[in-house]
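What follows is subunit A paired twice: with subunit B in the first complex and subunit C in the second.
Up next is the complex of A and B:
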């Protein structure tokens, strides 16, 4: 259970980071707003799950999120990719991620641990809007060669968790820079 | 003055929502429970959205109000599914409408769908017309969508149902 929660939190943190890379440069204003809002939600979910795990492991959410070595992250290869400015691949990732995430969150909702089940139910309520957004785009891009090719390319990465990529290393550097510069800093 | 749960609720009702200051935290329905034990006040608080950046501000404001009553605050953030937009009080909904936000539709058994979002009738908070359409599921904060009124040609914000 603890491993599944860590995978979820790491996926949401890293995807939230990647989605936020669209802020200001999405193809049009509505999508700028949508991806920024989705990113904010995903990072909120990551934080809540890290907090739950941190209590179990006697640490803090910030330590779990930012003080691990790159190789210790459990996020999938799918979310590690930096996809800006490729919209077709971004939407393909969004669609594939939301499908897999829905399966996982529903599983957690039936957990015997009431705290896990309750948090998963809350996450699910918010994710419902991400799924609608992903489905809307899937409809819009269905049959488009670049989008279809991106789905084929990215599908195998959904369940690949065999370590981190060089693209992840760059994100990790950027994401942990502040905490590494002042160890133990709290805000 | 003796501190009672009602007295605490009254004090918390004076705290505006940090992002939509027309309604209070009590109107928003995020104060799930208040328990007083001597000088110690325990508050159960449910966030609206998990990524809401106003969470810490709300928590700090509640702690400050409780200290002003001369009590020791103990604010617990409850991360479960117990908050819903259905918890917004009737007064809160009216205050939202009066300041240009369409209140949320009632929560349904299943998750919302695109069909619902596009077919449900939402009244324009400015002119009252029901000729409005969904413009963007997402808006300036996670809890809001953007709709457009075809009658008065005014975009407006609508609370998402959660």
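Up next is the complex of A and C:
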């Protein structure tokens, strides 16, 4: 269970990070705001799950999120990819991720651990809007060769968790840079 | 396609114009309206309307200056003041 939660939190943190790379440069202003908001929600979900895990493991959410070595992250190959400025692949990832995430969150909602089930239900209520957003884009781009090719390309990565890539290492450098700059600082 | 968004802050209150947004269809308009005007729980309800659906009328003329048709055209405050003064001094 703890491993599944860590996978979830790492996926949400890293996808939130990658999606936020579109802030300010999305195809149009409304989508910029909407997609940035989704990115922020994902990081919010990561935070909530890390907090739950941190209590279990006697550590803090920040330490779990930012103080591990790159090889210790459990996120899928799908979320690690840097896809800016390719909107077709970004939407393909969004659609594939939301499908998989729905399965996982629904499973957690029926967990015997009431705290896990409750948190999953909360996350699910927000994810419902992400799914609507993903579905609308899926319908809009259906049949577009670039989008369809991206779906084929990315589908195998959804459940691939065989370590972190060099692309992830770059993200990790940036993501943990500030914390590493002042070791032990209380922010 | 431009959509106009009207926002109701509390149940029972009138909807007020909140702003506009650009979206290709109803689905996206709903998504973006939720995002722009609803995600901070600042709205009880929204009306999202294609701008083309709004009939705008703004060519009112008042060439004869019939300002007594308007509530601000007839200063009741001044008249009341005069009447009170007359009543106080006993004149009619």
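Please note the rule applied: the second predicted complex is superposed on the first by the 187 of 187 C-alpha atoms of A that agree within 3 Å, B and C clash if a C-alpha of one lies under 4 Å from a C-alpha of the other, contacts with A are read in each partner's own complex, and residues count from 1 in each chain.
One rule holds for everything that comes next: a contact is a pair of C-beta atoms (placed from the backbone, for glycine too) under 8 Å apart; a residue touches a chain by one contact, two chains touch by 3 or more.
Here the structure is a predicted model, which means the values were calculated and not measured.
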item: Fit-or-clash call for subunit B and subunit C when the two complexes are aligned on subunit A; value: clash
item: Contacts of A:82 with subunit B and subunit C, given as first, second, both or neither; value: neither
item: Contacts of A:55 with subunit B and subunit C, given as first, second, both or neither; value: neither
item: Which of subunit B and subunit C A:132 touches, first, second, both or neither; value: both
item: First, second, both or neither for A:28, with subunit B first and subunit C second; value: second
item: Broader residue contact with subunit A after superposition on the shared chain, subunit B or subunit C; value: B
item: Touching partner for A:106 - first (subunit B), second (subunit C), both, neither; value: neither
item: Partner chain(s) touched by A:155 [first = subunit B, second = subunit C, both, neither]; value: neither
item: First, second, both or neither for A:140, with subunit B first and subunit C second; value: second
item: Subunit B versus subunit C as contact partner of A:44, first or second or both or neither; value: first
item: Superposition clash, subunit C against subunit B - the stretch among 42-50, 60-68 or 78-86 that is involved; value: 42-50
item: Common ground on subunit A, meaning residues reached by subunit C in one complex and by subunit B in the other; value: 30, 33-34, 37, 129, 132-133, 136
item: Subunit B-facing residues of subunit A, complex; value: 30, 33-34, 36-38, 40-45, 47-48, 51-52, 115, 118-119, 121-126, 128-129, 131-133, 135-136
item: Residues of subunit B that touch subunit A when the two form their complex; value: 49-53, 79-83, 111-114, 117, 135-142, 146, 160, 162
item: Residues of subunit A touching subunit C in the complex; value: 28-31, 33-34, 37, 129, 132-133, 136, 140
item: Touch list for subunit C against partner subunit A, complex; value: 21-24, 27-28, 31-32, 34-36, 39
